[in-house]
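I have a structure here, written as structure tokens, and I will follow up with some questions on it.
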Amino acid sequence: QDQNVLTVSSEQTTTYVRNFNPFGQTSARATTLDFIYEPLVVFNRLKSNEANYRLAESFELADDLKSITFTLRDGLKWSDGEPLTADDVVFTYDYIKQFPALDFISVSAQLASVEKVDDRTVRFNLNEPNSLIANTIVGMPIVPEHIWADVADPVTFANENPVGSGPMTEITRFTPQVYEQCRNPNYWDADNLKVDCLRLPQLADNPQVLAALADGTLDWATSFIPDIDNTFVAKDPEHHKYWFTPSSLVSFQLSMVTPDENNRKAFNDVNFRRALSQLIDRQTIVDIAGYGYPLVNDDPSMLGELYKSFANPEVATQYGQYGQFDLDAGIAALDAAGYVDADGDGFRDNPDGTPIAIDIMVPNGWTDWIDAVQISMESLTEAGLNVKMSTPEAAVWTSGLIAGDYSMTLNALASAANPYFPYIRSFNPDDFGKSRFTAPHWENAEVMDLLGQYTQVKDPAEQKALMDKLQIIVAEAMPVIPVYNSPSFYEYNTSRFTGWADADDPKYSPVVSNANPARLLQLLDLDPVE
Amino acid sequence: MRQLLHNKKAVIGLAILVLIILVAIFAPVLTEYSPVKRVGRPHQPPSWEHWLGTTRLGHDVFSRLVHGARVSLAVGIGAGLLITVIGTVLGIIAGYKGGVIDEVINFFTNMVLVIPNLPLLLVLAAFIGQASPLVIAVILGFTSWAWGVRVTRSETLSIRQRDYVKSAEMLGEPGWRIMAFEIFPNLISIVGINFIGSIIFAVIAEATLEFLGLGDPNTVSWGIMLYNAQNASALSVGAWWDLLSPCLALALLGLGLALVNFAIDEIANPRLRTGGMLARWVGLVSAGEGKL
Amino acid sequence: MAFLLRRLAFYLAAFLAAATINFFLPRLMPGDPIEIMFASAGSELSLENLNALKLTFGFIDAPLHEQYFSYLKSVFTGDLGRSIKYFPLPVTDLLGRALIWTLGLVGIATLISFTLGTFLGVMAAWRRGTLFDSIASLLAIFSSSVPAVVVSLIVLFVFGYTLRWFPNGYAADPMLDPAFSWTYISSVIYHGTLPMLTLVTVLTGGFAVTMRNNMINLLGEDYIVMGRAKGLSDGNVMLWYAARNALLPTVSSLAIAIGTILSGSLIIEVVFNYPGLGNTLYQAILARDYPVIQGQLLIMTGAMLVSNFVVDLSYVLLDPRLKKA
Amino acid sequence: MTDAPILALDNVSKVFGEVYAARAVSFALHSGRTLALVGESGSGKTTAARLIMREYTPDQGQLLFRGAPMGRADGKALKAYRSSVQMVFQDPFASLNPAHTIHYHLDRPLRLHQRNLTRAQRRAAVEELLQRVKLDPAQLMAKFPHELSGGQRQRISIARALAVNPQVIVADEPTSMLDVSVRLGILNLLNDMKAQLGLALLYITHDIATARYVAEDIMVMYAGQIVEWGDMEAVLGNPQHPYTRLLLSAVPDPDKRFSEAGEELSQIETIRRQSALPQPEIVRIADNHFIRPMP
Amino acid sequence: MTSPVLSVRNLNIDYIGAETDFHAVKDVSFDIAPGELFGLAGESGCGKSTIAFAVSRLHRPPALIRKGSQILVDGRDVLTLDDAELRKFRWREVAMVFQSAMNSLNPVLTIEDQFYDVLRTHTGASRATSRARAAELLKLVDISPDRLSAYPHQCSGGMRQRIVIAICLALNPKLLIMDEPTTALDVVVQREILQRIDVLRKQLGFSVLFITHDLSLMVQVSDRIGIMLEGELVEVNDAQTIYHAPQHAYTRKLWASMPRLHGVQITGEVAP
């Protein structure tokens, strides 16, 4: 009988290298996580983080929030037939402690210890109480002890013939141009798996993915596609479909610690930031720089549509206008706050007369961002601000952001299950100088205090109260100027498989990139067309 | 110069160049649109309002094209000048001084010649990150002089043997004067060819680097236009005007320069000339006035 | 022999120098690849993890001279390290894959355009002043001046997008396994046509112009006139007297042209998404994949040196004056 | 030959690799006299000229200027030497820079060697020079070399050499590229200069007939050695060295038909081989007539 | 007098210019008898080579042999030949030694090949027969046959010129044109070569059109001499008459400009 082969494009590359090391986040094939190494739990971001239990059948957070216990399903097996037990989980966590380079999600630092309770139960003891730790823990793949214990250098280990726990573990074909990954003979959830094999043709860039999509070769892809209705859907409107879900927040950020003393004065003035925000034409940016695909984010608390179930309606009523594009209002706000042209050079200056000169830094080659900046510059310039753009190498940009050594930039922040994460990543002073997500270098003790409390309460009502408060503080201070949430791209073809998630049935995020564990759920939901 | 005007290729080439130069000079007068402002909807095909259509961002292609001519020309001429000056000076010194100086210069020249140029440029430009046209011109100047040294040197070697250089030496002319006044004037055509060839090279290299995304996107230049068009998938979405306009402009500039270069070659080397005499000759033969 | 030995010594020196430049260039570049990778991946990685990763990839802070010598040693033992982007693929493997395509593309294109260009140049010079000469010269001028990027984009637009006669990427149908079968080979040819066409378009003119000029300069030589005076056929004189001698300087110009050819193929590979060396270099630069960039420049220089040497060799073979002594 | 020589080569040798381009060459130049140096191509004539022009430094022996060795001469002595010794080249087409006018060619040496002249004085001097070589200044000053005939160019070369007021002129085959009809004019000019300015002339040629026309003394060179030398008439009238005889018998002579080949011509190879060997011994034939006999 | 080997009648040759033509050969007529050595003398640029080229019809544009000109070789007008006939005619009937001895051999072919291509083209000879014939011819000019495998650059100038002469003799041509064959050579070598030509001419019976600047030499070797001035043939006479009793003023001027090796020296007064 014929096999059901699902043709997927999950990463773009000029050549395939046989590497299925689940810890090699950038070097492993994109089908390694989730498909070969199944997570303990998949949290569904689209449904308020609902837990879909996979290898684990349950987990239990201790009341003091200082430990969490996962219970594995009964009878789990590795793809080579060996049993998958709590020992493997403990081994994995010991392993990443031993080889810190493997810990690509920095989970070790939060764990005091990992202990086996019984063959199916593992307890993680935490350094700090944390109600959200499960989200982090499930991001680490569990590897078989009987294989990995003998690996001398797991960082460079290519794991060419993986032994895994997920649905698709058998590499039946591998060339630089294409590889195929087929069903796990010992998969615990085989009943739900209708797809026999994944085929991954090598595709180097968006146009190639588009070509493969347009001629119907691909069943499932994640790629930016210009003018998608014409270039893809129109080719076969019945089967060619897409659904773009909002994800990473893209925002303008100002460095509160920028080396230029005059700029610093302005940037630390909330009135200046608000005025700036009002001068950003988000809709045009989305339409032109983003082909209409992103979702405008005009939420001064920076959460926006993505976290709308967490939203505090107060924010919109009190501060909503600062997220709206309004050229006149922006100009008026600048005038009112004293930012007028004092020295007659045609550019607005600080109220004390010192000049402001803003250099918007974007990484070289990130075209949509460059376009967005160019569009923004039009209105900023029209409002009399002295702005220009520089496009250094991405590495320079990154280190500038990390050090706060820039004046203005666009920055992106990956989406997460809970608004706690964007806040902590953006405002945690411990991360200043370490992460580009703290690029604004904005400090607020109250925010940090509230975030600390947030992880330590378990009661949803209490959590909501804290989150509401947080949003008001952030919206009032407006430390970042949100612009849009960039889309996760998801294109699919219904001629060979059905069961796809879409706007009408947003059951989970169906994006097939390796940043979305829910893709596993999508795979399991697919049914071949007869 | 007068000879140039008698050469058909030169006249066509010069006409193209003059046209492009005029366009560059009068760019602001020639178009009502700013090259860096959105003045229309994205990717509008050519129309009365936008002669060459608009870009993905809604910029006017024609306006960008005429403003871009400035940058392409400036980089070409600037880098060409730098390349030519370095190449000529080193070439004459190596060829005339000989000995260790020659060995050293010659070694470096040959070495630079065997290190592939564009890959090196790519790496250098990437290293600099945001390569403004000025930076590109400077990098080009400092990496691409080798060919000039080679031809200038070999020509100098042969001129050095000429008796007029010998007699200048015997008169006691200082070395620099011999190089500047005895040798250099006789290299004019080679220097001219080198100069124009270098301009062609620089224009192409700039466009290539920018096309590959190593340029400064603030610039309005033909290379950046190519880059933007490519990034906007102009071909996939059928916006051919966005991509073809800078393409054709570059091809035209290259052609104009090459024609002039070819003509200089013909003038410097009369044997290459195929002037009007051949036409007359053919006429006379077919009229039965004579034969070979 | 002495001539070749001298050239060999020079090539060795040039290779060393290139290797040295190669060593310093990436070290002067700002930013490091691991950071870049994570910056674009948008992922969060603690500083400790980052440093642990860097260490594994061999970004040690040993003194420069130590780094240099261990680098030289690895260069001469053929160990170019491992790619960062395509970890853990050895750079030599990665480049080896790409090299085949580039060699094929560049080799065949050079062969075609050299032959075609030389032929056009010979004919144009021989029929000097005729319509053929005018047209051929004009085509040659155009071909030698129009940028490769322009030609490749136009070719891609016309044949790839508008007429859809040829594919827009790959060196062969990715669904096919490499094999010595007609299906595979025809697929390679099919995919290689546009890049090849572009490269040939860009290269032919230069060869034709050089050859034409050389020929014309030679046609006045006494031995050519003597060839005609001997009553030999035109073809005979054209080939064995004129072209054979005019070829000598053309061949030496070929050595210089190799750099241009490689550059041309680089941009063409990028435009046509051809998996050759140029494309690999481009990707490596974008990803700051130092080991690959280094290996790449080295291989390209090596290729230049080897082809220069081949040119030298053929020069010696073609010119009896160099054979002895 | 009582007056002191202005310039002399004293036992000078110059070796290129294995080739002796000059072997123990000695001769002296006196003012008001012309010394002709004849020999076949490759015999070392130009090498001798270059040794004098200090383009080559001798491997052995020395160059004497007014009796003083010009070994490592200092700048001043060198300058004096430069302004005293000048050269006229063989090819009138190559000895003038196509990029400069005639005026420039004559003005430069004046500027270099007579720094105190004003512009007007120099102009007058240029005109005088042109008149001296029998050219019309008004017509020629502004012209470029390619607008002149070969003979005119050679005259300019001579004028340029004269511009520095030299005492010695070395003329390396100055007429071999010229047509018969203009050749004589140049030779006459050289003779005049010698007589009027008291120049010492080294006339290098392979045309013995013209040598006889301008020179009082002659040297016959072969393979870097001067094999026979002395008074012109004595040497031509009574050649002693077999190579000299061979040379003389090969010179075209309209009075002799071709078939009457001389004895020397049948032994060309032998004579050549023998003459190329080092011949240190010198034999005096007459008062001013010497040979280095073949072994 | 037997019918001439070469008979040039009213030869007019122009170099066509972009605007005006340069009339290089003006109405020149002369004959060369079988076995005769005819000398053509004149200043540089007077049109000697232009005539020589015309006889084998070797000119290239923009040279133009005007209509009305006739060049009869053995009574046949060379100017009426078509391409194929012309190829057959060349070298078989008229062979030519060029001005620069050094450059008239193809530098990339061996000496043997340069014999072979003539012999094969004209007689269809095989390599072996051509080799034998070449060896034989080389002996005529005193060169050892082992030189056959050498390249031109391995031979001295005089040797090269003799090789060219040997190649010229390959097909027993009726006429040998020698355009300043010895200007680049030494007097001694020149003498050797011309002597050899003189002998071969008598032995093989071909005629020679000999072009040179050197009047003394010309008188020595030629039977008859033509003096050219600016494209015109101003005087044709037998050699001794040209020497002892020159008719044309120009010829007299030439003689007056030639320094003598022996006897009374010329005065040095040159007629303007």
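Structure notes:
Order of writing sets the chain letters: A, B, C, D and E. Residues in each chain are counted from 1.
We adopt the following convention: a residue touches a chain if its C-beta (ideal position, glycine included) is under 8 Å from a C-beta of that chain, and two chains touch if they have at least 3 such contacts.
The chain lineup, named per UniProt: B, C = ABC transporter permease; D, E = ABC transporter ATP-binding protein.
Treat the numbers as computed from the prediction; the structure is a model and nothing was measured.
Graph distance from chain A to chain C (ABC transporter permease), where chains that touch are one step apart, equals 1. Under the contact definition stated at the top, the chains bordering both chain C (ABC transporter permease) and chain E are B. Taking each chain's centre as the mean of its C-alpha atoms, the one that lies farthest from the centre of chain D is A. Of the two chain pairs shown, D-E and A-B, the one joined by more C-beta contacts is D-E. Separating the CA-averaged centres of chain B (ABC transporter permease) and chain C (ABC transporter permease) is a span of 22 Å. Centre-to-centre separation of chain A and chain D, using mean CA positions: 91 Å. In terms of their C-alpha centroids, the spacing between chain B (ABC transporter permease) and chain E amounts to 49 Å. For chain A, residues touching at least two other chains, in rising order: 207, 365, 393, 396. Counting partner chains per residue, chain E has residues 60-61 touching two or more of them. Applying the touch definition to every pair of chains gives A-B, A-C, B-C, B-D, B-E, C-E, D-E. The touching residues of chain D, when paired with chain E in their complex, are 40-41, 150, 179-181, 183-185, 187-188, 191, 206, 208-210, 212-213, 236, 246-259, 261, 265, 268.
Interface residues of chain E facing chain D in the complex, by the touch rule stated above, are 43-44, 185-192, 194-195, 198, 213-217, 219-221, 243, 253-254, 257-262, 265-266, 268, 270. Listed in rising order, the residues of chain B (ABC transporter permease) touching chain E in the complex are 275-278, 280-282, 284-285, 288-292. On chain A, the positions that touch chain B (ABC transporter permease) within their shared complex are 206-207, 210, 226-227, 230-231, 288-289, 364-365, 367, 370-371, 374-375, 378, 388-393, 396. Interface residues of chain B (ABC transporter permease), counted against chain A in their complex, comprise 36-38, 42, 56-58, 126, 129-130, 213-214, 216-218, 228, 231-233, 235-237.
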